[in-house]
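Chain nomenclature is as follows: A, B, C and D, assigned in order of appearance, with residue numbering initiated at 1 for each chain independently.
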């Protein structure tokens, strides 16, 4: 057994232990902390599966942005729930039945894993064959923005729908106000330092990830999530604040990604062979053009989702 | 040399994993956050070692992304969980 | 020259690993939250620093080396900030 | 056993664990965590399908990987919406729980 295999098995045990902790922990906050650690470990597993693009996404969204969302929610729930709340588990027989069901599901899935053909069916040769036509070097970016671009466009629409859903949960009197914390009168020094040093570097890294995403691991999702995190840190330090949900600019940026995507897709009818087709030779510049707007939209959508519905009165 | 890198990665990962006992036992929530902070640092370091040993492209970018976000959990914790009295100055201002 | 560089890497990484061990031992064994925080910052600081130092001779390109140093600097920044904030939170909660 | 098969077992176990949490944990936020565990387990299963489909010089089939990337983003937005719903419910209705009917009847008396 090689050292790498020992490492893999240890990592697997660790991931499962932390996942079990998030399920069985008594305290909700402890469970959430476990989930943040879990996200980090999961991106290590993705690296071991040679899925570096996925590892990047999991690192930025799974452990970073989701961590802030969940810890914020756990903190707010703890405050709202003055009595300590209800953590009574269902009866022993129900739990036993649930455990049996879950073990059964796990065993069936493990059986499926064992019976998978190796090498399995694959679309990799197809993806490779047409890669030259797109001008890209990263097959995953090609899948996301060329072969299956319709899926990716709809996924951006899901993000916009989630924002609409979150905003519509605002109490009546706060409609038109802003979410999140107001700008601090005197920002706390430690946080302000971090929020001033980190973003220039983070913005550089985020844009780097989008740019190299055409040929190397990276892309609009990963870069956008990093940029989103940078905006979030300046808000957490009280240096910037979430704009009012009435802000034209905010709404425009939120829909810019999917809108540009649809526009380019429809233009394909006139200039190429059909909807969501790119004219020959122009695929790469068009893909980079769409990715630029998508990155911008993702960078704004994620913090808006984390901030939640508006909680402050509309300013005159 | 590669085997040495991998062994070091393994030792670091399991060391910080043992530190996760603090997530279980606490006693305070600050201890829990500290343990994840240590796991984050150790995870990034072992990622760098594994990247150097296996030579998979782009892994250093994963480590870079994780390093950028390393302080986020701690800041979110301090803002939301550790400061019950300062709540009025934060999210729920209704004046 | 190569043997010397390898030796340098081995020594640096061994010391870095030692600091991770020490940081974890401190996190588990120290009696109060503030001393545990102190132990944690040692792993952040010296552990990562020494291992990055050990990996530098093996970085393939200048960009890769720069990224390694940037990762170390970012962990420093994150570690320092969060240690400060957590310490303040511990003191406030008494 | 390869790293891919091992990851497949992790994925299967994660689906089971998440399902158990989703069924038995009474607090809504814990159910959201359980749901996310199921999701990441399914993503890992996609990951091994991708890894087993390594061909044409790629270390893994790019199509499942692209689906996982969109999946992670969609899972995040679903969690954000779910959390906003739970928080709003708490604000309007006070502490809420999703425990079984039997015990909640007792609490009302």
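Just so it is clear, contacts are C-beta pairs under 8 Å (C-beta built on N, C-alpha and C of every residue); 3 or more make two chains touch, one makes a residue touch a chain.
Every value quoted in this text rests on a predicted model; they were computed, and no experiment measured them.
Put simply, the chain farthest from chain A by mean CA position is C. Computed from the mean C-alpha positions, the centre of chain C lies at a distance of 32 Å from the centre of chain D. Chain C has its Cα centroid 12 Å from the Cα centroid of chain B. One finds 21 Å separating the Cα centroids of chain B and chain D.
With each centre defined as the average position of its C-alpha atoms, the distance from chain A to chain B rounds to 18 Å.
Contact with two or more other chains is made by residues 70, 74, 77-78, 81, 85 of chain C. Multi-chain contact residues of chain D (touching two or more other chains): 59.
Residue numbers of chain B whose C-beta contacts span two or more other chains: 33, 35, 56, 61, 64, 68, 71, 75, 77. Chains that are in contact with each other form these pairs: A-B, A-C, A-D, B-C.
By the touch criterion given at the top, residues 190-191, 193-194, 197-198, 201 of chain A touch chain C in their complex. Residues 3-4, 6-7, 10-11, 14, 17-18, 21, 25, 29-30, 33-34, 36-37, 40-41, 43-44, 47-48, 50, 52-53, 55-56, 59-60, 63-64, 67-68, 71-72, 74-76, 78-79, 180-182, 191, 194, 198, 201-202, 205, 209, 212, 216-218, 222, 226, 229, 232-233, 236, 311-313 of chain A are the ones that touch chain B when the two sit in their complex. Taken together, the chain A residues at the contact with chain D in this complex read 4-5, 8-9, 12, 15-16, 19-20, 22-23, 28, 31-32, 35, 38, 42, 45-46, 48-51, 53-54, 57-58, 61-62, 65-66, 69-70, 73-74, 76-77, 80-81, 83, 85-91, 94-95, 98-99, 101-103, 105-107, 109-110, 112-114, 116-125, 127-129, 139-140, 142-144, 147-148, 151-152, 155, 158-159, 162, 165-166, 169, 171, 219, 221, 298, 301-302, 305-306, 308-309.
Contacts from chain B toward chain A in the complex involve residues 3, 6-7, 9-10, 13-14, 17, 20, 23-24, 26, 29, 32-33, 35-36, 39-40, 43, 46-47, 50-51, 54, 56-59, 61-62, 64-66, 68-69, 71-73, 75-77, 79-81, 84, 87, 90-95. Touching chain A in their complex are the following residues of chain D: 1, 3-21, 23-27, 29-30, 32-34, 36-37, 40, 43-45, 47-63, 65-70, 72-74, 76-81, 83-88, 90-91, 94-95, 97, 99-100, 102-103, 107.
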